[in-house]
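Structures given as structure tokens follow.
Here chain A shows up in two complexes: once beside chain B, once beside chain C.
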Partner chain A sequence: MATDQDNLPFLGGKLSVINVGLDKFATELADHDVPVVHLDWKPPAGGDPELAALLSKMGT
Partner chain B sequence: MDIIEKANEEAIRRMLGAEPVLIEVVPAGDIVPNLRDKMILHAGPPIAWDRMCGPMQGAIAGITVFEGWASDLEQAVIMAASGDITFDANHHHDAVGPMTGMTTVSQPMLVVENKTTGNKSYCAINEGLGKVMRFGGNDAEVLNRLSWIRDVLGPAMGKALRDMGGIELKPLIARGLSMGDEMHQRNVACSGLVLRALAAAMAKTSDDATALSEALAFISANDQFHLNIAMAMGKAIMDPVRNIEGSSIVTAMSRNGTDFGIRVSGTGDEWFTAPVEMPEGLYFAGYTEADANPDMGDSTIVETIGLGGFAMGAAPAVAGFVGAGAASEAANYTHRMSEICAAENPEWTIPSMDYLGVPTGIDVRLVVDSGIAPTINTGIAHREPGIGQVGAGVVRAPMACFEQAVRRLAEKLGIS
Partner chain C sequence: MEHTLNKVFQGFYKDSVALMRLSRDLAAMDGVNEAALMMGSPSNKQILKDAGLLADDGATAEGGDLILAVRAKDSDAAKKAAEVIETQIMSQTRAATGDTVWQPQTIRAAAKANPDANLALISVPGEFAAAEARKAISRGLNVMMFSDNVSIEDEISLKVQAREQGVLMMGPDCGTAILDGVPLAFANKVTTGDIGIVGASGTGIQEVTTLISNNGGGISQAIGVGGRDLKDEIGGISTLMAIDRLDADPATKHIVLISKPPGKNVLPRILERVGQSAKPFTICFIGASDLELPSNATAARTLKDAAQAALGGDAFAEPAVSGVSVPKGRTGIRGLYSGGTLAAETQLILLDAGLKVASNAAVPGAGSLSDAGDMHKIIDLGDDEYTQGRPHPMIDPEIRRDPLAAALADSTVDVVLIDIVIGYGAHPDPAGQLAEMLSTMQRADNPTIIASVTGTEQDPQIRSSQIQSLQAAGILVAGSNADAAMAALKLLGINS
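Moving on to the complex of A and B:
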């Protein structure tokens, strides 16, 4: 039986995906039988540059 | 930063070096520092009457009648609202209390001594499940049970503990973890172990067979009996960790039903607060989320020492009880909490996770940097006074508390 991967010839073959950040993308790919590993990642300090800079100086 | 790393090493050394022992049970008025008549200690950071949630106000009305300061609940509410009662946080008096956390002069307090440092911490005796004062219950059934705890159970436990020389808690917790407890929402094993440790001494020191039988039956029927012991233990472990210059380790997490508060070693006894969140969980028959009060209680002291939600991997059975997902997911909670802690506890390990030590020493830097908030297993109170517990669930500590703490610690260290 054909999977959705067979409909992606423009990518040059079968996909294997590492998804970083929002897990929705990983879920969608998995639902279409695309092998996917999800990395749970967020920007440091929730994306607050001032806090991130403080944390950097504090050794994280 | 070197000063922070060294300070945190000292904080972890003190946490892991603690030797908590349950030594006795004593009326609060005889032992809790600076506690006086017409004074009520409550859970969480300090809060005034008009900002207290329903169950907190209900418990205050109930304990005011229990202490004989008011003749009925209506008079008690008038007294509380008019300033005739003094309120303060348990944490300011070496004490902790679950949910509403009522501490007043005549209540018997569990006393845990940290033998390494000599400090003592206090917590009232667990009343059981359902309609109880810690969940805002305040009718005659609740007050009569508290009277029995004051007059019968507390003195009996105190005599037994003094006779037997106390109960060492570190090995008891280690054993409980291997028997499926996380010591916040699952205390089945540890409650049984406490009963086993106490029973012979209670029988030896009792001269009233009926009272002894009732006391043993009460402890036997209460799966959460050990929770309050674990809380006093947590406070006894964490208090010596306070005020280490430069340390970013959390020394207390606590909620009053309105505000969530944390304290951090390197910033002294200052509270960093934010609005409490609503637990996500499962409700008893007949209740829904619409009945629930937001997060409440000093019981998060057990997460502060690496138990509760941090030790979820030891207690897959509790994952279903608190609505945290499949039992097979319990270990993920513990792994996740490891990412925000400075160490593992080599003496408190989880057999099913290849003897991984429970995550120990919450580092505010790691919490803010990762965006991973501490996970807390908790009971859920009805939002109206006088009803009691309606469910159990999982809640996350508000990130804003940790962000404030990072900023203040940086300020104290001259970092900008």
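Moving on to the complex of A and C:
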């Protein structure tokens, strides 16, 4: 039989998502009443993947 | 005279699904011979070049630019088509930005605005995905990375970073997860229950979770780890963390592991961790043999076996396939799969029956497609060679059209096997689209088509509706992918 302890959220808190990419994933999560923030994402560093990787390693 | 026109939108991003729709509209216009809309990455520019769609303007585009490429019967037709699509792009953009809800542009801004956020779902193009995941992990977010084409070096560094931070790194190339009953990316709406899944395979997880759900069981959590996690280079970092989480999760009473055979160095580590748990495990390492498992674990040869074992070992009822004659002289099986692990499961079942099998995603014992000869051919249409620059066949089943026409026209093919995978993220009506495709093809003295539907009644496409559409199109429907493969063997008179 399920107890309150059995129903603890798996990630330690209620699932809450930052969606980066396909907007349909954000729509579907919202349909499941999951809090979701959809990023207005554009390729960073002017679309230069190597520069984007470097910036992410610098924490920006 | 035929004319190729490129228009470049600088610093303009649209996701691959939106671009697919616009590309279709553009290609269908009067006088247009070929068309595509793609972001200007080097690999996309090469695809455009190979298709004869790259003009001088497009060649100068950069990764953050959108290229509209059209080849038409003359320059007037090309210009006219490009103008119509440009208007569509701009009106969509106005509609999107006209929304009054503020949208952050970076993970940092989103995390600051939403301190309760605990998962980043990343599906941007592969060359940018690792950078976004690194930012998410450093802010203490778990990551589900749907993106593929991420280097193994990046995968290792991200997983090591995630382990240090104590967060899960699911992926890259993680298509499926179900967390607290919520389907993420390509996943199905299943019954909640006490069976936890860890899988290095998206469609493998989908097949096992839906079979469990459709046969009376339920899922606590399903955690995708990415197809390479159990390679020796990665060392099973995410699999081991996922096992730890499920082992500690009071709602999970039974754990199922699904993967291709692990690397020889990582296998003992995984099995050692399994043996330390007090919970029973079912282990489905597709294609592995002679596993020496700890006493709390049982091996499953196929995905269906894994689902049955997790539910206590009783066999599911198998729907009979009868009343079909085998056309004279035809003995070949052709599998056209959107799910890589479903293609692997079929290969195993045919190999176990003593058949010779070739595939572009061959399991141990199968041959390569380039050297197939008269072997049975099982094709994974989700493989990179089919999906370069276009969405996965579960989103866009159109990829199946040419191989299906070829199979129907092949005088050696007796049975065509097809997987219909439904659920969130997938095409809204894959069975209907398959029926439409078939209606345009010659089917005289054609092969028998056998399909299975991976999904549930609670999925948006509704499993029983998909089955009805398939049956109305003259397609036989089996209860699972394994059942479809077994039915193909029966049609060929092979008792496995």
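Here, the second predicted complex is superposed on the first by the 30 of 60 C-alpha atoms of A that agree within 3 Å, B and C clash if a C-alpha of one lies under 4 Å from a C-alpha of the other, contacts with A are read in each partner's own complex, and residues count from 1 in each chain.
What we mean here is this: a contact is a pair of C-beta atoms (placed from the backbone, for glycine too) under 8 Å apart; a residue touches a chain by one contact, two chains touch by 3 or more.
Nothing here was measured: the structure is a model prediction, and the numbers come from that model.
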If you stack the two complexes on chain A, which partner ends up touching A:P44: first (chain B), second (chain C), both, or neither?
both
Figure out whether A:L55 sits in contact with chain B (first) or chain C (second), or with both, or with neither.
both
Determine, under the contact definition given at the top, whether A:E28 touches first (chain B), second (chain C), both, or neither.
second
Of the two partners chain B and chain C, which one touches more residues belonging to chain A?
C
For chain A, give the residues common to its interface with chain B and its interface with chain C.
42, 44, 46, 48, 52, 55, 57, 59
Using the touch definition from the top, list the residues of chain A that touch chain C in their complex.
2-3, 5-25, 28-29, 32, 34-35, 37-44, 46-49, 52-53, 55-57, 59
Considering only the defined contacts, which chain B positions touch chain A in the complex?
1, 4-5, 248, 365-366, 368-371, 399, 403, 406-407, 409-410, 413, 415-416
Please name which positions on chain C make contact with chain A in the complex.
11, 13, 15-17, 39-41, 62-65, 103-107, 110-111, 113-114, 116-125, 127-128, 130-132, 134-136, 138, 141-142, 146-147, 154, 168, 179-180, 182-185, 221, 245, 249-251, 424-425
Please name which positions on chain A make contact with chain B in the complex.
42, 44-46, 48, 51-52, 54-55, 57-60
